[in-house]
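Working notes, beginning with the structure itself.
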Amino acid sequence: MAQFLSLSAAIEEYLCDGDTVVMEGFTHLIPFAAGHEVIRQNRSDLTLVRMTPDLIYDQLVGMGCAKKLKFSWAGNPGVGSLHRLRDAIEKGWPNSIEIEEHSHAAMANAFEAGAAGLPCAVFRGYRGSDLPKVNPNIKFINCPFTGEELASVPAINADVAIVHAQRADRDGNVLVEGIVGVQKEAVLGAKKSIVTVEEVVDDLATGPNSVILPAWTIDAIVEVPGGAFPSYAAGYYKRNNAFYKAWDAISRNRDIFQSWMKEHVLDVGPEVFANHRNPAAWVEI
Amino acid sequence: MAQFLSLSAAIEEYLCDGDTVVMEGFTHLIPFAAGHEVIRQNRSDLTLVRMTPDLIYDQLVGMGCAKKLKFSWAGNPGVGSLHRLRDAIEKGWPNSIEIEEHSHAAMANAFEAGAAGLPCAVFRGYRGSDLPKVNPNIKFINCPFTGEELASVPAINADVAIVHAQRADRDGNVLVEGIVGVQKEAVLGAKKSIVTVEEVVDDLATGPNSVILPAWTIDAIVEVPGGAFPSYAAGYYKRNNAFYKAWDAISRNRDIFQSWMKEHVLDVGPEVFANHRNPAAWVEI
Amino acid sequence: MWGRKSLQTIEIRRLGWRFKMRYSRNEMMTIAAARALGNDDVCFVGIGLPSAAANLARSIHAPDITLIYESGTIGARPDVLPLSIGDSELCETARTTVAVPEMFRYWLQGGRISVGFLSAAQLDRFGNLNTTVIGPYENPKVRLPGSGGATEMATSCGEIFIVMRQSTRSFVEKLDFMTSLGHGTGGDDRARRGINTKGPTLVVTDFCVMKPDPKTKELTVVSLHPGVSREDVVNNTGWDIRFNNNPSETSPPKEEELAILRALNERTALAHGGSN
Amino acid sequence: MWGRKSLQTIEIRRLGWRFKMRYSRNEMMTIAAARALGNDDVCFVGIGLPSAAANLARSIHAPDITLIYESGTIGARPDVLPLSIGDSELCETARTTVAVPEMFRYWLQGGRISVGFLSAAQLDRFGNLNTTVIGPYENPKVRLPGSGGATEMATSCGEIFIVMRQSTRSFVEKLDFMTSLGHGTGGDDRARRGINTKGPTLVVTDFCVMKPDPKTKELTVVSLHPGVSREDVVNNTGWDIRFNNNPSETSPPKEEELAILRALNERTALAHGGSN
């Protein structure tokens, strides 16, 4: 049953060195504030799982928190490369990381299978691709009725899932709205889950088929206004595309990256994210 | 792309003798008006697929439209047996029908696989049950990673799916709301689909994650107010539990059943369903 | 349906007077089942007795229990008992309603349900259940509704509570058809099949409460409802039923339990617009 | 990025005067791709050039085209081009937004997409695509973003349109990595693999338009953009590129097409709060 905690207490209590962690949010609702807290608490040897590593994993990888990355599209969307990730893969800085690479369809199905309590996902995929040659976690089975060859990948069941959502009510039920990605699957498939929210309200005021995570599927809820910045929270603030573009220059250079992280992550706390709900903020970095 | 048709034209154009047809709606939004039209048009040799045959298939079976039934729970919910169905299975009246019997989990997964374009569904099911002994469409496969034995059933891809929904907009996009069952899966998995709706409106006025069937996934849309009676349409009228109870007596006797069908189905048209939105109607049969 | 003989009474005090209040074995059964549910349970509820028991529990000692109906409603809080598993009352009062494939994949198969309630036409000594046919499958004497959600509930719910009326016709030596696995052939049969949920841990009838023997998994009477004798149970069981060394008496209904159950049933009858 | 040399002009008449309007090959590419989309298409759109082409089509000749982004938005009608595949603009203007597993299972794998747009770092003569690595996989010279949706789009979409800038670095004799299947080894390779979708039917570059030969499936130049010579194409292709018997000239941009594309790009630049 969901407990309301501070962000530092939630990460402290639920995330251990060496854990497999999923921080999800498909462009929308990426849990940046929680990612920064993981960096501040200096977690290491994490296996990071996420369809689109995005800036959040670029930061974690660049700060040396990761030993492995499982992903399906690693770029800065619409901008270019994730330079910290490339530096780790291509040059082993600050440490080399193992990668397990999939397609989006495979990852989406693997999250679905994780939520569904199945050991593996079965789908029509990877036909003709070289990916199965470099990833032993892609296998093929045959439909027992038609004989058709179908792809299979292991379900994703993280030690900890971390997601950001719009609202929680005071009982700890959470509403996710808009582009909902694989967040529900990430949470239902994980052993433990932490949800950061824009606000805690009396009444979620939902429609009959809204995407709800009941309180009893969550371990910790943390109110972090602005906690998805520079990603966005529909209904609260927009995606800060200027920041995504600016990140390209920040992340190209190891020193600039490190001093940026010191100033904007290590030396501050999650309370700075509240400022990010102001649309004027951060256009100038 | 969805065409707006009359109910008789829609059934005339899209449903043929011998077809496999799905009429779905999990207690809610059962397409009774469409079922009656199928009876009036005297379709025969249908393979009827539905998780809970309910009164709608009891009527179709009793009127001799079916040669086969694929289902997972065949009763009058909270009341008792489906007497017409039992009469067909136990005594071959008006004709004997073949049955293919599953569990709810299997049918739900088979609808999901149908919508997902897969040849089969894979799930953890049927363990210890005798059902696989009497249904050759239940097989077992092994997870290629863990070796765990998992059940598999063929996907459901009907010739025609018929569902009822609350609203369509003038472009033919349909909103389904509340208990949504497997309707979306039935429609997406079928070759052709007919949707009856309570009303056609200018604006569906939906939330961001509402259950929508886009116009281009539907073949025919028919406005039939009250068309789910004695099932219900959330926001329009309630389930008529009294009718479900009354059906027990009507359906127990072949003659009473036939004269009821003549009076209430064969001799009337879909326009009678509009009366059923009046909550006072039909309490007395 | 229940003769005078099956009625028992409890004593009630009001303004210094003592009254007797009658209750039926049916009521005792529902109340005993309700008591087994806890506030933290996530309960997959079927229609009829399970729904009455689950909603009674919610009204009395388990206000925060999560009720899930297979129609997709999560956290339903109906004010009347639904006639069907998909009544509007369930959706209107639920935290949210999901599609049926999601219900069976994420919530049931995903291991999110702590307790599933089942009933059946036939049950055997290991809690295996038949809801499919009486007689041979291909040529049934009575065609029953079939599995519905039961087959996978029986192996995916954390544990199973069974609530059903007891008679030699329903509590049988051998099932005509195994729809849903209980403890199979007993002992560690479930574990040998790779199933790691508990299966039936409680059977509540209108005569008694049974639990599986910890080792053999054979159902064993642990308490008799007030007014019920060992002979009543033996005479209404189709196998040589075992009793706990010293079966206790089921604690009789409390006045509050009866009052709330009856009010629930009255509201329900009124709402469904019929007698029943 | 594009030198003066790459600019072409069209003639415009206004109030009896004639003007020349310049356009870039990039613009020609986007416009040629947009023209290939029809009003009834259901188009799975990637970010960048595909998104510009799809939204240009929607603004001009295909107002009812359905645009689907892999973030789950169905029927999106963005007024500006999204920078990412999950911008709020997409969800706000969509008919509905579904979860990402549903997007890949019901809508892509379910065969609901008529056209998928792809681009890549490398393409070979059979339209096979690499978006994974330059150099060896285990020790890459350049690590690219990877598959994203492309691998399954390539086999599940009804057909694939490829839009990418042409050079000997990108149009290569041999891929470093096969991320997404085009026509494989050519001929009936797709059919022999049991794949019944068409694969790449159109490649639009900044120099020309190519289509697969009906029999061999080798990409063949069917039209050259205005001002582009055969030699330009040969010099910018890493294999011995084939030409149609008599390749036509791509019909130059119309004034309306250019005006709408530029307005779209301007609104986009403004909305994204940066230059670019």
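Order as written gives the chain letters A, B, C and D; numbering starts at 1 within each chain.
Here is the rule we use: a contact is a pair of C-beta atoms (placed from the backbone, for glycine too) under 8 Å apart; a residue touches a chain by one contact, two chains touch by 3 or more.
Note that the structure is predicted; figures quoted are calculated from it, not measured.
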Q) What is the touch distance from subunit A to subunit D, in steps? A) 1
**Q.** Reference subunit D; chain at largest CA-centroid distance
**A.** C
Q: Report the inter-chain centroid distance for subunit A and subunit B in whole angstrom, where each centroid is the mean of the CA atoms.
A: 40
Q.
Please tell me the distance, in whole Å, between the geometric centres of subunit C and subunit D computed from their C-alpha atoms.
A. 60
Q) In subunit B, which residues are in touch with two or more of the other chains? A) 112, 116-118, 123-124, 148, 178, 180, 184-185, 208-211, 234
Q: Note the residues in subunit D that touch 2 or more other chains, in rising order.
A: 91-92, 97, 105, 109, 156
Q: Chain touch graph shape: choose line, ring, star, complete or other and state it.
A: other
Q. Which of the chains touch, listed as pairs?
A. A-B, A-C, A-D, B-C, B-D
(Q) So in the complex, the part of subunit A that touches subunit D is made up of which residues? (A) 26-28, 51-52, 71-75, 77-79, 81, 85-86, 89-90, 101-105, 108-109, 111-112, 123-131, 134, 148-149, 178-182, 184-185, 211, 232, 234, 238-242, 244-245, 283
(Q) For the complex, give me every residue of subunit B touching subunit D. (A) 1, 112, 115-118, 173, 184-185, 188-189, 206, 208-212, 214, 216-217
Q) Can you list the residues on subunit B that touch subunit A in the complex? A) 116-120, 122-124, 137, 139-141, 143-146, 148, 150, 152, 154, 177-178, 180, 207-211, 234
Q.
So in the complex, the part of subunit C that touches subunit B is made up of which residues?
A. 47-48, 70-73, 82-88, 90-92, 97, 99-101, 103-105, 108-109, 128, 132, 137-138, 140, 142-143, 145-152, 154-156, 177-181, 184, 190, 193-195, 271-274, 276
Q | Residue numbers on subunit C that touch subunit A, as the complex places them | A | 40, 42, 66, 74-75, 91-92, 94-98, 105-106, 109-112, 156
